[in-house]
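Taking it in order: structure first as structure tokens, then the write-up.
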Amino acid sequence: MIGLISYLVFFTTVAAILSIAVLGLNLQWGNSGLFNGGVVAFFGAGAYTTLILGGTPQEAHLGGYQLFYPLALAGGMVAAGVMAWVVGILTLRLRHDYLAIATFGVAVAFENLMRNAEWLAGGAQGLRGFERPLHAWLGDGFTYNALFLIFVLLLLIGTYLFLQRLILSPFGRLLRAIREDEIAARSLGKNPARIRLTAFVIGSVIMGLAGGLYATFYAFISPQDVLPILTFQIWAMLIVGGAGNARGAVAGAFLIWAAWTASGWGLSRFAPVDLQLYTGSIQFVLIGLVIVGMLLWRPQGLFPEKLVVSQSGRH
Amino acid sequence: MIQHLVDGILVGSILSLGAIGLTMVMHMLRFANFSHAELLSIGAYCALVFDGVFKALYPPLGNVVGPLSLTWALTLSILISMTITAASAILIDLLVFKRVRSKGGELSMVFASFGVAMIIRNVLGLMFGLQAKLYSQDIVFAVVLSHDPLLLVKPDQIFSLVAALLIMVILHLVLAHTTFGYALRAVAENPNLSQVSGINLNRMIILIWIIGGGLAAAAGVFYGLTNQINPVLGRDLLLPIFAATIVGGIGSIYGAAMGGFLVGIASNLALLILPSGYSPAVPFLIILAVLIVRPTGFFGEERA
Amino acid sequence: MTDHALQASDITAGYLPDLPILKGVSLNAAQAKVTVIIGPNGAGKSTLIKAMAGLVKVSDGQVLLQGQDITNPRPDEMGARGVAYVPQSDNIFRSLTIRQNLELVLRRARGERAAKLEALFQQFPPLAQKRNQKAGALSGGQRQFLAVAMALAINPSVILMDEPSAGLSPKAAQEVLEHAKSLTEKGVTIVLVEQNVKQALRLADHCYILADGRNQLDGSAADLLDDPVVGQIYLGGKRVAS
């Protein structure tokens, strides 16, 4: 029983962290029509930076600044934001495929750098030596995990409320206006590239926050955590939840994460031993089918909202 | 140095073939097709299968051609693989892209292409196994072209380069001298006007998939011949191919051809200063450099 | 059979499903005559031409070609039906040479391609001189002639022209319009959108005035020239607010 509950806490924590990342993506894609092909890079920047800033001194690589935890977490968000700003400033004036390619490239390069640069973040070994905040008082047990879950849930709610307000603010209206009719918005004297850049950076900062929480939760991060599959999972969550719909996005995150863990568990348990090597491939095919299937048959997502900023509205 | 340059040119020719098809699709259908590189994988595996079939049907086809490791069976298989890969590209368009397009989800096409890429890549892995395969187990020794500086080239590499160049020359002749080529360029410049001029856009889209798929298959086989075949071949070549299209300017066919060589050479030369582990990241650096220096690419043609 | 080569009857059309630009417009273009469409900016003149050419969806009403219903045709099949369309802007392929532009529209005429090309070059000597130059390098007037030549290449019975004189010097505009007029002698029907009302009326046989997606007035050119309202609004220098 206690095992089940602590598993549920574990599951909910990870799903809630991923929900935060999905909310960041929802701002970029759902509200602004910006394609981010490298979610994992911004997530990873947050994760790595948080651990580097907040961790204990390490022999072989950067880190050990032992910053006060909220500062370390904020540092991770800043790192993600700076990366987004650089990519955005170079591509957002161009046709939308440039952003897609450049963000995809960032993710490839980020993972590659983390895997190879041992002096930077431990290379393939990953980044260790991080003590979870308040760990000395709360220990490592169930209490800690439960409290951490509450912390994550509060941040999820905070992020959600912040984004709701942002969308209803004049800035949010501008975003919608640009998405619907870029030329008209420009003729009103607005600079669409600048506004899109802002949305892109904010979304990435939120992904950085999710990454920082993820790394905190495991007190460890390695290149295995920043593989492209994470980007696909986060997309699938958004598409299933319904782009443009924040509550749907959170629901999508829990649903896809549940399906992913369940399918992983099922395959590892029931698949014959000689096929174990291929369970990953099967899961990838499934997630590909989810993405393509949703786009073909239910592009508005499983949880469409009444007030949809419809994407097909322009045709 | 010289060795890196030569290797770069050899890889570059493969990237060019991939990038030409990708840039045409991106220009015509206006989306970044992340599944294009999977067509290279399809092509490589397809040739592997038919190579086996031909050898089994008629063993003399298993003889190698001249000094190459390439057999007559594989030579035939390249042509068949180009056909089948082109057909697969059309089929994928019919099943997925065309339907997403007709729903007006122009931007959703990018998502769809990622999903398609994941499906193809992992289905290939399930079908053929995750371990690398080779067209031929025979060891073909590299020819020493020069001792000082040391320059080694395998006959297969020369064959791939020459064949890739030949394909590009044929494509050039078609584009520059046939009304079909004019029509392709017309559609790229101004789809509406090209319709008014009597061009059937749907038919053009199919033709572009045929060209893109055919070139990708050839690139995939050449890659398999000079390296090895594995299910992540497409994933590994995707970023360099994208980089080639950006170097050339998206939509520019000649730009993509030049861009492929440029990316191949630059990636190999980069190994002179960077440890080899970093080579997958080099195309991204190239993309960044182009976006900073000349975002529209170096060979961009005028676009409507 | 009517003597109307091309008719639009009461058509509703637009770019978005729920936002009609044309709200019940009719037009009859008489065989081998020049029919001119005028009206303020944004009136829907181009949209009407595009609707007849199959580039804009007609949601209500009919388009008839020689009495036959062709509503919502495929634009790439209009040439084969004998209807050519010269768009208002971007009406040539700039990245192709002049010869390639013409060969492109002539590509179905396999055996006779060379002969037809020569015939067109004879008709437009300035184009012949620059045949191997990129069309993007042409002057405005020459571009318009190339666009007209591309339309003529398919031996059309009807030509739809959208402001062929826009942006041209008065002399070049005169030349283009007179060329259009001369085509009627060979039996070609011309439908023309024109901004320069005086020039348009001088050349037209029949004239339609469109405003806000509706027919406002139509009549023979001579009648409209005498019409006091037309005189005041379109010829007196005062323009309708657009």
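By letter and in written order, the chains are A, B and C; residue numbering begins at 1 in each of them.
Everything that follows uses one rule, which is that contacts are C-beta pairs under 8 Å (C-beta built on N, C-alpha and C of every residue); 3 or more make two chains touch, one makes a residue touch a chain.
Note that the coordinates shown come from a computational prediction; the quantities given were computed from them, not determined experimentally.
Chain centres computed from CA atoms place C at the largest separation from chain A. The largest tally of C-beta contacts between two chains is found for A-B.
When chain centres are taken as C-alpha averages, the shortest distance to the whole-protein C-alpha average belongs to B. The centroid of the Cα atoms in chain B and the matching centroid in chain C are 43 Å apart.
The centroid of the Cα atoms in chain A and the matching centroid in chain B are 31 Å apart.
A separation of 54 Å divides the Cα centre of chain A from that of chain C.
Looking at chain C, one finds that none of its residues touch two or more other chains. Across the assembly, chain A contributes residues 314 that each touch 2 or more other chains. Along chain B, no residue makes contact with two or more other chains.
Interface residues of chain A, counted against chain B in their complex, comprise 33, 35, 37, 90-91, 93-98, 100-102, 104-106, 108-109, 112-113, 115-116, 232, 235, 239, 277-278, 281-282, 284-285, 287-292, 295-296, 299, 311-312, 314-315. Taken together, the chain B residues at the contact with chain C in this complex read 179-180, 182-183, 185-186, 189-190, 192-201, 301-302, 304.
Across the complex, chain B is touched by residues 53, 55, 74-80, 85, 87, 90-96, 100-101, 103-108, 136, 150, 154 of chain C.
Every residue of chain B that touches chain A in the complex is listed here, in rising order: 26, 30-32, 34, 96, 99-100, 103-105, 107-108, 110-112, 114-119, 121-123, 125-126, 130, 238-239, 242-243, 246, 250, 275, 277-278, 280-281, 283-285, 287-288, 291-292, 295-296.
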